[in-house]
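For reference, the structure is listed below as structure tokens.
The first chain written gets the first letter, and so on, giving A, B and C; residue counts start at 1 in each chain.
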Amino acid sequence: MQWLQAFLNGLLVGGVYALIASGMALIFGVMRLVNFAHGAFLMLGTYLSFYGWTLLGLNPYLAFPLWGAVLFAVAVGTYWLLVRRVMGANDFLQILLTEGISLALIGLAQLVFGADYRQINLPIANRITSLGPLHFSVGYILSFAVSLALVIALQQFLSRTEMGRAIRAVAQNRTVAPLMGIRVERVSAITFGLGIACAGVAGALLLPVFWTNPTVGGPYTLKSFVIVVLGGMGSVQGAALGGLLLGVAEQFTAYTWADRYAEVVNFVIFLAVLLFRPQGLFGGK
Amino acid sequence: MARILEFEKVSKRFGGLLATNDVSFHVDEGEIVFLIGPNGAGKTTVFNLITGYVKPDAGTIRFAGQDITGGEPFTATRLGIGRTFQVVQPLPALTVRENVMLGTFLQHPRKADAAERADQVLEFMNLRSRADQLAAGLPLAQRKLLEVARAIGTGAKLLLLDEVMAGLNPREGEEVVGLIRRLHEFGITSVGGVEHIMRIVMSLASRVVVLDQGRKIAEGPPREVVHDPKVVEAYLGSKFVAGGAR
Amino acid sequence: MRRLPSWWPTVLFFAAVTSMPLWMHDGYVLQLVFRVIVFAVLGIAWNFVGGYAGQLSLGHVAYFGIGAYAMTLSTERIGWSPWFGVVLGAVLAAVMALLIGGVTFRLRGPYFTLSTIAAAEIIRVLVQNQDELTHGAVGTNAPLLFQAPDLDAKFFYGAMPLLGGAFALASWIHGSRFGYRLRAIRENENTAMAVGVNPAVDKLLALLPSAMVTALAGSIYASYFSFVGPDTVLTLEISVQAALIAMLGGAATVWGPILGSIVLTLTAEIFKTYFEHTHLVVYGLLLIVVVIFLPGGVISLFQRRWKFRREAGPIGAQQ
């Protein structure tokens, strides 16, 4: 029964991971950009959510679209200012640039928000609901539900809308896409915005059940990479499934071994996948 | 005349595609052998199999009598097989001379000797004047020449040229043809080539091997092969076969 | 091929710096310069793998930490002189390098970088959680390599040979056949193989001295500050610093990391004095500036002025 609890807890948290990783998969799949700043933007999302609640009384579970929009705008701005200069450059420079953005954002957060841990007290998130012998935090359920809805919405957007098709076209073939009338730069900017918005919204949703401080994002960047690799590079669906999988793997590790080793599971899975099944669990080529 | 390259019953599959299907051919010392065939025939794959960038699923490859099947590319180079790539791959942040030195280091471990030898090769390839320029700044024709120079520098006995003429104008092409005829000055006894430009093939090749969809369909002196109906069909489709092709 | 600097300026520079404790009596300045030296060593070591061979490792802190911990724990457990621990650290780092390199070098580009981060993080988490063996997250005091009095001066004199040795090694690599092979690997592994280079072997050959020198830097750093802990000698930040220093100064050059360390350490120090808690922002902005405006590093400014032919363009040219 404990296993079932761990499994379900894993799915719940995995849903949020799926959202974060979907954003990363989108950015990597379309722009071939290794975004080391993903976690830092997630961190920004948590702070938006925090101040939104403490200063304006905005419930994260309702205000998340607003935070998503803000981060979308910030991301597009970042793209135009910085990121587009390294599109097509080798990944050395891309990694260093995004890492630089990450450090700068974390540093700014430390200066502006302070380095302390922050938490919010959202009554609905703290409630526990029971299903027989199983107990779940309502907050986690809400975060999971919203994340999953967004992941599905993202996939629908990609498959059904014109912009979504354009995005997928660029992901498939960046050089040919302009010949079909697609403005690749614009698609890249929007993709970056969407991907970052996913991370930011995930952060906003995590805050009620977690805490935050300026460095909270780091592990999530790595986690997203692990998931994206697990799901098959650039595959948004793969990333979603990978997120759920990783969530469960972490909970199982925490349950059988120790909480603190759950982190290591990330890296071990990562190395194992890269070495033994580099196309990912669900990847094709 | 010794057999410098033996490519025997080699097959290679990529997923669902049989890129190389039981292909056999050889190159004797002193020969210039060209692989020709329509696009997608698997010509570059053959080069990749010989030089070890791709490992065969079946068959044997021997170089100067030594079994090199499934070996690594650097081993092939050290044994004496030089190659160029269809899409030119220079070392962009190094100078032209340094690019060639990477090759000449194999036979001349001392830097000064390697540089001197590199200059000799550059002289031969008419690139001496650009020796100190960064490879990244070269126009396409010179980059192709640099690619060949680098391969020559390794002290190869067999040089594999993958579509070296592509992208060159006729005058540049003639220059390269002249250089290929003089390769023996650098100890290169034999040449293998992949080529689409028939004029070049006809004037250089001692023998031609024709591939189509991974299989060898013809082999022989260029003039004969070009009239072989199977070859015409492969290139132009069956309606051109009967009644004499050009 | 960029000539090595003619002897005089180099000798003068090293003599001037080594003699600092004799004429500079401000402890604060000596400490600052000490840190510049140690981080220059770190940058030079990273450069073997990152600059010359072009493999962007962000996991070098693993070796730094191994040096620090080996020195500390062996002194504590075995009771020998900490110098023995320093040597042990370098040896262990070499072993670790073979292990980590053997796994990570199979990957290329961002996958490689991520795997180096993963490897270093695994080590950090393990160290952090093995309370009995490593003192866990709290850390412990590191032994002093020298005896009081005049510790600042003595550490200084200890660090300079390390810098000198690293510099000499870098100079040798820069002009040698091996150095060319590394550059070829950096530019294009397939082409490198076509000229007889075995990338797997050469990458490991570059990583071995890189890891060992990094471990030595870690040992002396930990000893100077008398402390080891996962949050001081095993952080991702140190790995980033190593890469940043080399790139900021000029990767694949001998003087680059020294310039980079001077610029980075001094800049961070200035900011720290006038604006607290800004070092991350400084690192971040410096990284951004370097990538966008100075991909060849600070040294590229001098190269153009002195008309040295550019040794290398931006790290691995455009694709």
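Going forward, contacts are C-beta pairs under 8 Å (C-beta built on N, C-alpha and C of every residue); 3 or more make two chains touch, one makes a residue touch a chain.
Since this is a predicted model, take the numbers as computed values, not measurements.
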Most centrally placed chain, judged by C-alpha centres: C
What chain is the most remote from chain C, judged by the mean position of CA atoms in each chain? B
Chain pair, most C-beta pairs within the contact cut-off: A-C
Suppose each chain is reduced to the average of its Cα coordinates; what separation in Å results between chain A and chain B? 48
Just give me the whole-number Å value for how far the CA centre of chain B lies from that of chain C. 43
Centre to centre, by mean C-alpha position, how many angstrom separate chain A and chain C? 32
Chain C residues counted as touching two or more neighbouring chains: 314, 316-318
Residue set of chain A touching chain C in the complex reads 34, 82, 85-86, 88-97, 99-108, 110-111, 115, 218, 222, 225, 229, 258, 260-261, 263-264, 266-268, 270-271, 274-275, 278
In the complex, the residues of chain B that touch chain C are 51, 53, 72-74, 77-78, 82-83, 85, 89-95, 98, 101-103, 105-106, 109, 111, 114, 132, 134, 136, 150-151, 153-154
Quick one: which bits of chain C touch chain A in the complex? Just the residue numbers, please. 54, 56, 58, 103, 106-107, 109-111, 113-115, 117-119, 121-122, 125-126, 128-129, 236, 240, 243-244, 247, 275, 277-288, 290-292, 295, 314-319
List of chain C residues in touch with chain B within their complex: 1, 175-177, 180-181, 183-184, 186-188, 190-198, 309-310, 312-314, 316-318
